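Paired with subunit B in one complex and with subunit C in the other, subunit A is shared by the two complexes that follow.
Entry: the complex of A and B
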């Protein structure tokens, strides 16, 4: 009897253990299930390379290029801000700060991650957007720049905590050897430690990119939601995520528009899958 | 340049970077508290919205968010803990475990809006749950799963090997060992992980957009197949789609939401710090 009970428990544990794989597969299958019908009507080339996203006009046009470029622009902008800032912050926490304040700083970074994206979007809308508008003298402050700035802060917790782990994981003797040879602490940091921690920092950046590409609410509220090909940071853009969130509610179930939004979801899924895979490979390398 | 001077400059720059990273948190909190506190009243917290959501309270949204967070965690906690036990105690260093870990990493990295699409496709349409509390809870539960698995695995991992060896050498079976000698010591860590992941999903908007959230629903749900209002979605709606709403109402809603998530988070973080100090081995 006892044996049987234990057998059942262990099988249940194994099953729960496999759930993660099952769910990843399920997510993909159910996105494809809805999305695949789309390509019956629209050739993939028109979809990926088309310049116009007019899902509600007749004839409807589903050119995804403006959305891809919108996501790309916002991601590049936010990374330009958050990579230098985040890595510097990670170095400060790992190497420089008085240990007494270390926990406070780490808690602060964690709390930044805890603020819901809709709140960040709301605060950005009310504070940052009017500033951008008046500083650059624009017709609207809802621009790729505003989105990039807010997203940079949302990527920061990921970048800082993973980069900090990577820096802390660098063997002590590397630093000690550098110091013994007469290097200052700073020289040891930027000539020795950063090199040893590079794969981990790269993984941190990748995961930060993944975080930013997948971010939805804040982007939708701040970037202006104009599905046109952007030329500068000071124009409104629309990202892949915001398109799904904004249009799914008004699309008719079973219409081309509805299927198209699922295809956008599949593309997002594949992008983040690749990013996470690459980051994981680099993190795995450090552990060895 | 003198190397001491350049170190001074470099460290100042690093300090400023850390400051720029942390300050926005304080700034956001201060701005919301300062503008939102005047809206908070007994009526605001306990009444339904009225007048096209321009006045009245946010009670249905608070209750909806509470149900969603509780329901999601109730589903995800047992599955996540068992998944964590499998990874920490049973899994071998082989290809399957590699794939499993990759699965967890990817599940954690799936964009929140894609979870929304998935929930729509599987729960709302395929399983015919409709736009309902149960669809929302299940979607959020899957989203919460990877962080609970990871937290459980880490908590179990920190229990010393010798605990297991002693129990096994006394003739206990593998499951008895886990159940009585390992799990109790890992429990605080697991609870902390659950609190923190619960805090995270409380603020999620995108996954509930198409699976559960109601634009305006002034009464409380009577079954799991009902729609509910939720705080994050309500904040989105009133701040973008209701013209002429008073600023203090939106700030007040944002305030209630961040009090929800930040207090859960702070509780989790403090619990964790405290437990780390308590550890006897």
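Entry: the complex of A and C
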């Protein structure tokens, strides 16, 4: 009897554990199954390199380049903001701030992650967008820049939290060695601690990138959603995610448009998968 | 001759706990002075106060004087950077930076933006030669210091102190993570270094103190019980506690 119970519990736990992997595989299989049909009608080259995304005009055009560039621009922009801010913040929390406030500060930063993205988008729309519009004297404030700034806020908690862990995990003896040689605290940080924590900081940045690329709601609300090839940060863009979210509802099931959106999904999936994988490799390296 | 380091009426508290009680002594130039005593007697604290590494600990308070080169280094205005440049430290566990061997040695020069008429390559060569590592490492200066054996790492930790030209080297149980053969070789290195540097070593290992040092201080419960020529301490100590400790009756 006891043996049977053990057996059932063991299998149940095994099943729960495997389920998450099975789901990932199933989702991927489903995406691919729906997506490959698309390439029967549109050659991959036109899809990946085409300049025009006009899914509803006749003839329909599915050039994904504007969407890829849109995602890329918003991601690069938000990383330019969140990497320096996030890493500096992580150093402040790990190395500088009075230990009494350390926990408060870290919890505060992590709370940022709890804000629903629609709220971030909404706040950005009301405050940041008009501000961008008037400062740069633009016809609209719904631009890649606005999206980058708001997404930087969303990437910050991930970057700060993981980078801070990495910095705190740097053995104390490195810092002692630097100080004993007459280094200032600042020199110890930027010459030794940052080098020792580099793999973790890199992983933090990758996970931040993953977060930004996959983000949908906030970008949809504040980037303007124009599927044209952007030339500067001050133009509206449309990201891969926003395209799926905005168009899936109105596409006809089984149409080329419908399949095209699945392919966009596959590409997103592959990008985030690679990013998370790389981050994981680096996080693993630290544990060793 | 004036001692290189003069300690007068030194008291030190961690919060309410008094870790050093009225320590008075003088440490001679270009000699090896070892400090022995049971765990928790304050020997590491005494060592770390000499380059103010204790400042990292919160709630620390000192009174008395430590005179190095005519200056009382316990005064609040002391230039810690200058002090630590002059008083280098080797730690219990080898702690080379996770950088290349070359970078480990040039680290001190970089942080002090020190200029020297020697080229960097000469400095690296000389530093490694002083710790007898040059022949082993000259062909792999760019590989990571963490790939070295523990003994080599500890030697490198000594070598990286030398480019900024310290006068005093503090060693906090430098051999405690090394095997006996490596320990012997580090001790030989200490004899070599004694020609140019004043060395203070804290050790758990009484035989080591007897082997390497010229002077020895015995500490117990925060007090420097006895300080004398090593020979005298180990053959004919004046205090009962010292005798009990070195004959192994406690500790």
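Here are some notes:
In this section, the second predicted complex is superposed on the first by the 288 of 288 C-alpha atoms of A that agree within 3 Å, B and C clash if a C-alpha of one lies under 4 Å from a C-alpha of the other, contacts with A are read in each partner's own complex, and residues count from 1 in each chain.
Convention: contacts are C-beta pairs under 8 Å (C-beta built on N, C-alpha and C of every residue); 3 or more make two chains touch, one makes a residue touch a chain.
This one's a predicted model, so the numbers in the text were calculated from it and none came from an experiment.
In this overlay on subunit A, subunit B fits alongside subunit C without clashing. Looking at the shared chain after the overlay, A:116 reaches subunit B, while subunit C stays out of its contact range.
When the two structures are aligned on the shared chain, A:196 is found in touch with subunit C, with no touch to subunit B. Of the two partners subunit B and subunit C, more residues of subunit A are touched by B. In the superposed model, A:178 lies in contact with subunit C only, and not with subunit B.
By the touch criterion defined above, A:187 reaches both subunit B and subunit C. Smallest inter-chain Cα distance, subunit B versus subunit C, after superposition on the shared chain: 9 Å. According to the touch criterion, the shared surface of subunit A, contacted by subunit B in one complex and subunit C in the other, consists of residues 184, 187. Residue ranges of subunit C in contact with subunit A, taken from their complex: 51, 53, 56, 80-85, 88-89, 91, 93, 95-99, 107-108, 110-112, 157, 160-161, 164. Contacts from subunit A toward subunit C in the complex involve residues 171, 173-174, 176-184, 187, 191-192, 195-196.
For subunit A in complex with subunit B, the touching residues are 6, 9-10, 12-21, 23-24, 26-27, 30-31, 33-34, 84-86, 88-89, 91-93, 96-97, 103, 105, 107-123, 125-127, 153, 156, 160, 184-187, 189-190, 207, 210, 213-217, 221, 241, 244-245, 248-249, 253, 261-262, 265, 268-269, 272-273, 275-277, 279-280.
For subunit B in complex with subunit A, the residues that touch the partner chain are 3-4, 6-7, 10-11, 13-15, 17-18, 20-22, 24-26, 28, 31-32, 78-80, 82-83, 85-87, 90-91, 99-118, 120-122, 125-126, 142, 145-146, 149, 173-175, 199-200, 202-206, 209-210, 232-233, 235-236, 239-240, 247, 250, 254, 257-258, 261-262, 265-266, 269, 273.
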